[in-house]
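Below: a set of structures, written as structure tokens.
You will see two complexes here that share subunit A, one where it goes with subunit B and one where it goes with subunit C.
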Partner chain A sequence: MSEVIPKLFRINTGSCNGCDVEFMPTVLVEKFGVSTLGVEMVEDIKDANLIAITGPLTARSESFLKSAVSKIRHPYVVVGVGTCAITCGIFRDSYAINGPTDKIVDVNVNVAGCPPRPQSIAEGIAKGVKVLNQVMNGEATPKTIDAIFKDFSAPESFRGRMDLNPDMCTACRTCETVCPSTAIKITEIAAGHVHNIWHNSCCYCGNCAYFCPTGAIFSTNSFDTVKLQSEKYEDVNSEIIKSSTCSSCGDTYMPPSRGLLGKGYVHDDVKKLDTKICSKCRKEANFKRMYA
Partner chain B sequence: MSEKVEIGPFHTELEESVYFKLEVDKNRIVENVEIINGFIHRGMESLVTKKNFMQNLILTERVCSLCSNNHPMTYAMAVEQIAGIKIPLRAEALRVIADEVKRIASDMFNLSMLTHIAHTHQLMKDTMNTREHMQDLKEVIWGNRMDMSSNLLTGTKYDLDERKIKIILDTLDVVEPKIRDLQERYENDEQLKSKTVGVGVLPLKDALEIGVTGPVARGSGINNDVRVKAPYGLYAYRPEIQPNVSLSLREEGDVHARAMARFGDILEAVRIIRDVVTDMPEGDTYVDKRPHIPAGEAVVRTEAPRGELIYYLKTDGSQKPVRMRWKVPTFTNWEALKVMILGDKVDNVTMILNSIDPCISCTDR
Partner chain C sequence: MNIEEFNNAIKSKLYGAYEIKEDVDHYGNDNSWIILHEKKDMEVIAKAVKAFKGRCVVATGYFNEADNTHTVIYHFDIDGMIINVQIDTDDKTVISITPILRSADWAERELREMYDVEPIGHPTKDRLFLDYSIAKGVLNEYISLSKMQMGVSDTDVLWNQVNKGVKA
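Our next item is the complex of A and B:
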């Protein structure tokens, strides 16, 4: 088995700068560990075997990307850096965007983040190197690859992967409304609502958590966002927000969540409140109590 | 006989994609220059009208992630002007802190790229490592190294407590002596000077005619800093925090002068942050999380790390803007490139481009 020298070249297909600006310290600052991978930065794409691509692939870039890619000698490995490279991220709905990049190039590793931390970009490059070695030696790539830089950590405050506490969520759709990259989708089903967060579309802005009235959606400090292409469509956080049956009329209704009740009844123990009644029946009961 | 040279659009020394078609003479001097852009055009003007006002707080950050506090801040200021909302003084202070932190990190990125291109390796490393302190600070206080998500319509999302103020002050204490040391080395380093002094000169007369802004203007001896000439936010309430632009002004107008002008900006930003965090106004950080935005029009300008940024916003009382337009600093500074590049060596082209600290993603948008 021969060791391969990874030769890295970066292509910007219309990034907002974030990913490219973070790429530079990733390769130039020692603490991110890229130098330990034996990676060489090359000036000419013809010499490269490891390509990092950023940006959502603008219409203008498309033909240039095609011609650049046609110059690379096989075999090579592509690492998509940033949410834009994976799904076009926040720019997805624009007329000027022809991406994502995997329409044109075979991508091997994806690094979600907007922008990803250098630690994640480094991890993406490291996994790219691993895949490159496998490709060069004719081995099959396994479905997942364990973390390579294991000792990286993030501060508590880091806005990482979003998470949802379904107990607190009341399916009000505020998060869906304020999410700039349409990463949240709430769908009604018989049993209630499905709340989906697509990590590969998310731009990690925290808008949803900030505007959520119940504190159900929150950001964790996890930067575990480096995945193989085969995992691209599986990286979803999916929860069911269950509906209830009204004990009075028998209709299905969306009960106020623990989080919402806690907002309304700040001095009471919300667990004691009887929530098994829909808002229509509650209104009627209250009306009768007051005026009948 | 002139030779044709092409640079880009994908090139290791170009942080963003742009395409140069040059004609050079036998001494490798540039005789003709054509600059082709549009590679970063993402249809932002159309996109912002498809998103609601809350979504646009984040989308405007992605006009450019290097000045990603200025964009949403200026956007929020335009909305507030239309809605006739005066934001709390504490929010004004928080906005200035976030803005000046971004200015330091942005200017230092440009300086590291300069020394990277000039192959002054040790200087590049030390600049990058110093900048890392600011990046870490952003991650600890705001949660991301580039996009801080700090702005809210009618205020800010974040607040500072004693602990966080201490983190900021401690970071500045570490960073400031390093920046002063770097400033002296950039001023005197023979290798760097030999590559940057007299290179890419923009004479005062051309600078005035083209109307350059930011450090490019200051490098050619012009003071048109918006924070001083048309103060806004906390710079208007507390004129004493305004930057002392004379510390950034240079006469030479070359690549070296523009770099040194940035050092002036950085050190003043350090001073401004210190002044503001040690004297924080009390009060709320916003007026209304989701304000009603009536129909109206507004024009607002601020000083981004690269110079004057103008936002035009038109609303019709609905949830989405009818029109949003920008005049970004690089738009005017870009024109100056032709003056700088013509008659200079072709090998200097990427360095001259870097010296205007181009934000192509702002300009192509």
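Our next item is the complex of A and C:
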């Protein structure tokens, strides 16, 4: 197996520069470990075999990207840096956006984040190098690659991958409404609601956690957002919020979650409440109790 | 130089009907609101502003959805005095004042790009910032504030691919 020298070239397709600002220290500062991969930065795309792309691909930059891509020598590997490069992030469906980049160029590795931490970018480059080695040696790329740099940790306050506690969620759709990058979708099914958080569309703003009335959705400090292109649509946090059947009328209803009850009845023992009936039946029962 | 002097200077020269309202802002600065009914009169105003050594600060465009017309307000500054001149157009054209006042260049080009209102006689045809593949007049489209603030995405093309993989 021959060792390949990865030659890195960066393309900005109309990024806000957030990712680009993180990118340069990642490559230049030793502690992020990119130098251990033997990566060489090149000035001309013709010399490159590892391409990092940032930005949501604005209409203005599309022709430039196309012309740049036509100059790359095969074989090469593309690393999409930032949520914009993967799904256009908060700019999706704007009149000026023609992305995401995988419409124009075959992307191999995606690094989600807005912007990603330097550690994530380093991990993305490392995985890119790994894929490059496999491509150069004619090997097939596996469906997943384990983390390469394992000694990174994030501070407590870091807003990383969002997570959901289904016990606390009542599927009120507040998070879905306030999400600026359409990363949350709540779908109704027979058994209740499916709550999906798509990490590749998330811009990690924490709006959902801020507005969630029950604290069901929260950010973890995991920044494990570097995935292969084959995992692009699969990196989803999926939870089912179960509905209940009313013991009185038999209708299906969405029961108040533990979080919501805890908020409504702060001094009372929540367990004493009969939560097995729907709100309509409860109203009726209360009315009868008071006026009948 | 005061607002009256300027108003008197233009009154006799305007071709069409006009309305003038003088006002003072809460800092005590004079300003004037002029509504023109004749497009050609914008050149008269521009010449007067130039004679008084003033400049065009910016122009405001607005699309009137109800009657499919545009309102354009030019904002001029003469030594701290603000002259706001409004003109309505129903055929998406105004007479360009850039040949008289160079300071209107950017504002008129912006008007052309964002509202598809053509400043006739403008010396520059290049776009300012929108790519040529994007149609002129993107701001004529109605986008509700709530939609703008709560994420612009209104298609499910990508989410459909996600849902394929998620087992409900």
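The rule we apply is simple: the second predicted complex is superposed on the first by the 291 of 292 C-alpha atoms of A that agree within 3 Å, B and C clash if a C-alpha of one lies under 4 Å from a C-alpha of the other, contacts with A are read in each partner's own complex, and residues count from 1 in each chain.
One rule holds for everything that comes next: a contact is a pair of C-beta atoms (placed from the backbone, for glycine too) under 8 Å apart; a residue touches a chain by one contact, two chains touch by 3 or more.
Since we're looking at a predicted model, the values are computed, not measured.
Asks: Tell me the contact category for A:Cys172 with respect to subunit B and subunit C: first, second, both or neither.
Replies: The answer is neither, since A:Cys172 touches no partner chain.
Asks: Quick check on the superposed pair: does A:Pro56 touch subunit B, subunit C, both, or neither? Answer first, second, both or neither.
Replies: Touch partner of A:Pro56: subunit B, not subunit C.
Asks: May I ask you to name which of subunit B and subunit C touches more residues of subunit A?
Replies: So, of the two partners, B touches more residues of subunit A.
Asks: With both complexes overlaid on chain A, does A:Glu234 touch subunit B (first), subunit C (second), both or neither?
Replies: second
Asks: Of the partners subunit B and subunit C, which touch A:Gly18 in the superposed model: first, second, both, neither?
Replies: Touch status of A:Gly18: first partner only.
Asks: Between subunit B (first) and subunit C (second), which does A:Val194 come into contact with in this model arrangement: first, second, both, or neither?
Replies: So A:Val194 only meets subunit C here.
Asks: What is the contact status of A:Asp93 with respect to subunit B (first) and subunit C (second): first, second, both, or neither?
Replies: both
Asks: Of the two partner chains, subunit B (first) and subunit C (second), which one does A:Val111 touch, if any: first, second, both, or neither?
Replies: Neither partner.
Asks: For A:Cys278, decide between first (touching subunit B), second (touching subunit C), both and neither.
Replies: neither
Asks: Go through the superposed model and pick first if A:Gly206 touches only subunit B, second if only subunit C, both, or neither.
Replies: So A:Gly206 only meets subunit B here.
Asks: Following superposition on chain A, which residues of subunit A contact subunit B and also contact subunit C?
Replies: 58-60, 90-91, 93-96, 177-181
Asks: What residues on subunit B touch subunit A, complex-wise?
Replies: So the residues of subunit B in touch with subunit A come to 9-10, 12, 14-17, 38-44, 46-47, 50-52, 54-59, 61-66, 68, 109, 112-113, 116, 124-125, 128-129, 131-132, 135, 139-147, 149, 152, 157, 289-290, 359, 361, 364.
Asks: Flag every residue of subunit C that touches subunit A in the complex, lowest number first.
Replies: Residue positions touching the partner: 129-131, 133-134, 138, 141, 149-155, 158-159, 161-168.
Asks: Could you pull out which subunit A residues touch subunit B in their complex?
Replies: 9-22, 24-25, 28-29, 31, 41-43, 45, 55-56, 58-61, 64, 68, 90-91, 93-97, 114-115, 117-118, 154-155, 157-159, 177-181, 203-207, 210-211, 219
Asks: Under the definition above, what is the set of subunit A residues touching subunit C in their complex?
Replies: Per the stated touch rule, the residues are 58-60, 62, 87, 90-96, 98, 177-182, 185, 187, 189, 194, 196, 198, 201, 233-234, 236, 238.
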